[in-house]
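Structures incoming, each one as structure tokens.
Here come two complexes built around subunit A, the first alongside subunit B, the second alongside subunit C.
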Partner chain A sequence: MKDNPLRIFGLFNRERFLANMNQTIFGIAAIVTFIAAWWGFSIYLNLAYVPSPDRVVWAFFTSFEKTEISLGTNMWGNILASLQRFGIGFVFALALALPVGLIMGFIKTADSFFKPLVELFRPIPPVAWVPIFLLIFGIFWGPVMVIFLGVFFPLLSNVIFGVKSVDQPLIDAARTMGANRITLFKKVIFPYTIPFIMTGITIGLGIGWMCIVAAEMIGAVGGGVGFYIFYSESIGRYEFMYAGMAVIAILGIGTVGVSHYVENKLNRRMGVK
Partner chain B sequence: MTLIIENLVKKFPKEDTELTAIENFNLVVKNEEFVCILGPSGCGKTTILRIIAGLEQKTSGSIRLDEREITGPGQDRGMVFQEFALFPWRTVQKNVEFGLEIKKVPSEERKRIANEFITLVGLKGFENSYPYQLSGGMKQRVGIARALANDPEVLLMDEPFGALDAQTRNLMQKELLRIRQQTKKTIVFITHSVDEACFLADRVVVMTARPGAVKEIFVIDAPQPRDRASIEFANLRKRILAELEREVIAGPSSPSNSPEKA
Partner chain C sequence: MNKKTTIAAIIVVAIVVIAAVAVVLMQPAASTNKKIIYWTQIAPVQQKAALLAGTVDGAVGWEPYCSDALNDGTGSVVVWSDQVWPEHPCCVIAVRYSDAFPNNPADNQLVARVVKANMVATNWIVQTINAGSGTNYTSLIQMGAQFSGIQASVVQSALGHIEYSNQLTPAVKAAFANFTGMFADLGQISNLAGYPNTTAFANAITNTSYLAMAPDIQPSATILGSVHLGYLNGDLHQFARVVAMNTSLWGGKTLFQDYGVNVTSPAPYANGGAVMDGFAAGSIDMGYLGCPPAILKRINANIQIQIVSLVNSEGSAIIGKTPINSLSQLEGKIVATPGPASIQHLLLLYYCNLNGYQLKLKGT
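== the complex of A and B ==
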């Protein structure tokens, strides 16, 4: 085959390069089109709540520099407050979904007991709990509990699914090598479930971010990005509202992206899926 | 070591009736013997092996390893699976060490034993590879090493080369004979390939269609290595194949017309 000599060394793969390039070009084209349309509309409509992209970009950077007097903090403080709530809710969800999911997957009676409860509460959107959670748990733990619910259910489902999808031959093999139920769980079922847990975490993170904004909009103390969005809208500073939305998008992309990266690495490493 | 199977019966519940999978299966496997169990698909040959392994419960009858009745899985019986059943998150080394970890063998000793068997199956240099990095034949070499590392008295192999391509399969058969010669293990080997049984076994047990029982036992005293192209080999194959074909054509008897034993 006559080909680029560099290809032999794996330095240049023409097909892959072109495929990647196509993807990049279309990606950039989509964003450029979106910004151009947005800009056009903002000029044409001339409405306060459709600020031009450059105003939003300006607001985005300003929000990090300038302390909002009534909130007593700048965007960094809001991010910190949101991340804190998010982190606590997330860790609690992980700490509960993991053991409950593993037990439900592994022990039939536990599954029969917990399943009706899970099926009863799962369909209720986490946000629907906001009012009552604020009342019961207060302005700090209320939003945290909403995040908790948002992360808990998708994570739980994935853990249970992981345990139930363990290959029977792996269990048989372990048993023929003398594994009892406890070693079976420790050495086969739990490691097998790890990639499924990671998938649950990725999904849970995405849903968690959706919940935090809603939770903070209703009530939050000590700032928060969701609260910031709501506040900016209420005082008519729409460009700052959009800046807050952009921050949420970046936080979401960031955490889900990291989680997705870890998930892919793990899947390859574990050879599962 | 002697493996004695007496009047083994296995029934499965099926809707409101019972399906008799195995009926009065009798077999004695002698020390260091290589026995192939051959039968039409669905005759219960894998079920027999799984009962010997302790992975399934028998309905009645007796299976004894020396004088001990088998009731569940144990390290005195090692098993090799058609699906390889390697732990994907463990390296070759760690897969082979699995049973030794359960036996609480100290780490240094584990390494030494694992290395010995990895070398035996010809995988030296692949200790730190993960299963997904190995070909099918290599995976099954790990499966064999892993089963042997526990030093079982009998090696149970459930169509171990069934998932391999023809060339790899032939190679693995030769490798198994070499490993057997070096380890002197007693082997019970399930297959549906007449050729494979003729090539490997000291005795070939041909089973009836469902409900499975021993139909005929062929003793093969041709010395190893056997020549697949020889007249003797062809004749043997022909005889066994004829016996087997009769069962395939007869097909499994349905639960309704199988003899009932209340």
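== the complex of A and C ==
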């Protein structure tokens, strides 16, 4: 078979193009089918809480333009508030889960000590902590701590798993070449764990966005997208509620997408893919 | 890190920074010509704990949670709702109109009988509170404590701040119109469900025909039908329902059964908005709820309800964390409210405006 000239330079891959085209066509078809079904249901049901897609699109753009008098801000302000507490919660989780996970995975005594605590608290859904965190940490740090928990445990589990997954021949080889414990950790264990850390971050980000809505519904400073959803529902403006949900979806897709991108880059760079 | 990755990272960071700056710049400039009081949303049942924890400096809620915070000194009264709006309506009974209910004279009889039972229970409560002692009074306090999960002494205090009455008087309708106007001013409603003004809307949302039928209704020896009735969790404003459901007071059956209606209820609702959602979902035929969520969701969600009886008036308060006992002491501080759709939030907003304060969501 004669190669396409563009393929020689790595610019065109017919198989990949066709595969992607199929995927794109199916993706578009799924979205169109969903919107058509939604539109049909909204007309058939004729209920305020099942607004048509065009009403939600209108509410989506209106929410960015119009300042909600009761809340004193528009959707931009709510996004900023959510991103702020999400960012802080995420950084805290990363800062704690990373060292604890590496230590638990690397040192058996630490694993034995921390494991019962981790297993005790991990099954508790982060949202179950919302009311008590609100009282203990207040209306700013309470939701932040819920996000922290949502990100912390998946990240921790992945880091521990990553450390424990290091191939024994690699460790043996490093030791044979005279690596001490610190060098072994720096040169073998930690680099090997990075893809697992990225997987943990991606999972944690997804769970973090789920937590933020629940946390902000109970109480929050400066609004937030979750708060906006709850507020819109409480006054019966359902199209704005769906607009808020769409914003959460976009933010979630965006952050997880960035995380996936970084994860793929790192994996390629480290020879995992 | 190779060159491409570095460029990609710089672009991502730049986009984030630009977006953050844009968001900050797009925020409306803070008003400086008004004194500000901040609000945040916390359910009344959690407000005392929030005051104790220092999460908030004040709260506006309903009974018995106001008295609960006041009795042990956690809070001090800033103002009772009746001092701001004398005899203002609060909770009501609403009926949802659908193809299924009430669409015939028999169903209308059922609604009237529920209204009648509520009226009898209300009269019993008023007489018992006025008596101030005796077996019935002890039973009333115990029922209140059991229903709300609050100490009997707190229930006793709380009952002194709630006016139990049922009539939908012109003053009550005027208050509904006033609340509707306030929601319009806040931008929470953008129309009046097709009515030309708030007075016309308030007249349309109230239906006094069942109250008019009630005096002629007598107890029934047989059960004439069933009604699914919604109510709020632990709200002593809706005490008449609790009393009407008590079997020991009414000869081994509920007061609703005495009037021929078998009342069933789903789990108690958290707030009036949820009761309206119960109407929309077809889970309930009738419900006890605050008038503001009834008004808001009648307009915004087009839930076809009518208010058929008043349940209580007054019974809310703005309180400060002791020693705060005035609005001026709350300047720059945070007050917890049940949320913008509640009458308590409207009370705080109105009282702030009356005294030259701007009410602002904390952090915006």
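Everything below uses one rule, namely that the second predicted complex is superposed on the first by the 257 of 273 C-alpha atoms of A that agree within 3 Å, B and C clash if a C-alpha of one lies under 4 Å from a C-alpha of the other, contacts with A are read in each partner's own complex, and residues count from 1 in each chain.
What we mean here is this: a residue touches a chain if its C-beta (ideal position, glycine included) is under 8 Å from a C-beta of that chain, and two chains touch if they have at least 3 such contacts.
Because the structure is predicted, anything quoted here is derived from the model rather than measured.
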Which of subunit B and subunit C A:Val56 touches, first, second, both or neither: neither
Partner chain in contact with A:Leu47 - subunit B first, subunit C second, else both or neither: second
Partner chain in contact with A:Ile229 - subunit B first, subunit C second, else both or neither: neither
First (subunit B), second (subunit C), both or neither touched by A:Asp172: first
Partner chain in contact with A:Val144 - subunit B first, subunit C second, else both or neither: neither
Subunit B versus subunit C as contact partner of A:Met198, first or second or both or neither: neither
Larger contact residue set on subunit A - subunit B or subunit C: C
Touched partner set for A:Lys187, first subunit B, second subunit C, both or neither: first
Touching partner for A:Val100 - first (subunit B), second (subunit C), both, neither: neither
Touching partner for A:Ala215 - first (subunit B), second (subunit C), both, neither: neither
Set intersection of subunit A contacts, subunit C complex versus subunit B complex: 269
Residue numbers on subunit A that touch subunit B, as the complex places them: 167, 169-170, 172-179, 183, 187-188, 191-192, 194, 269-272
Complex interface listing, subunit B residues touching subunit A: 50, 53-55, 73-75, 77-79, 81, 83-89, 98-99, 101-103, 130-132, 146-147, 150, 156
Residues of subunit A touching subunit C in the complex: 47-49, 66-74, 76-77, 79-81, 131, 134-136, 138-140, 218-223, 227, 231, 233-238, 258, 261, 265, 269
Subunit C to subunit A touching residues, read off their complex: 2, 5, 8, 12, 20, 22-24, 26-28, 40-42, 46, 49-50, 53-56, 183, 185-189, 271, 273, 276-277, 280, 293, 296-297, 299-303, 334, 339-341, 360-364
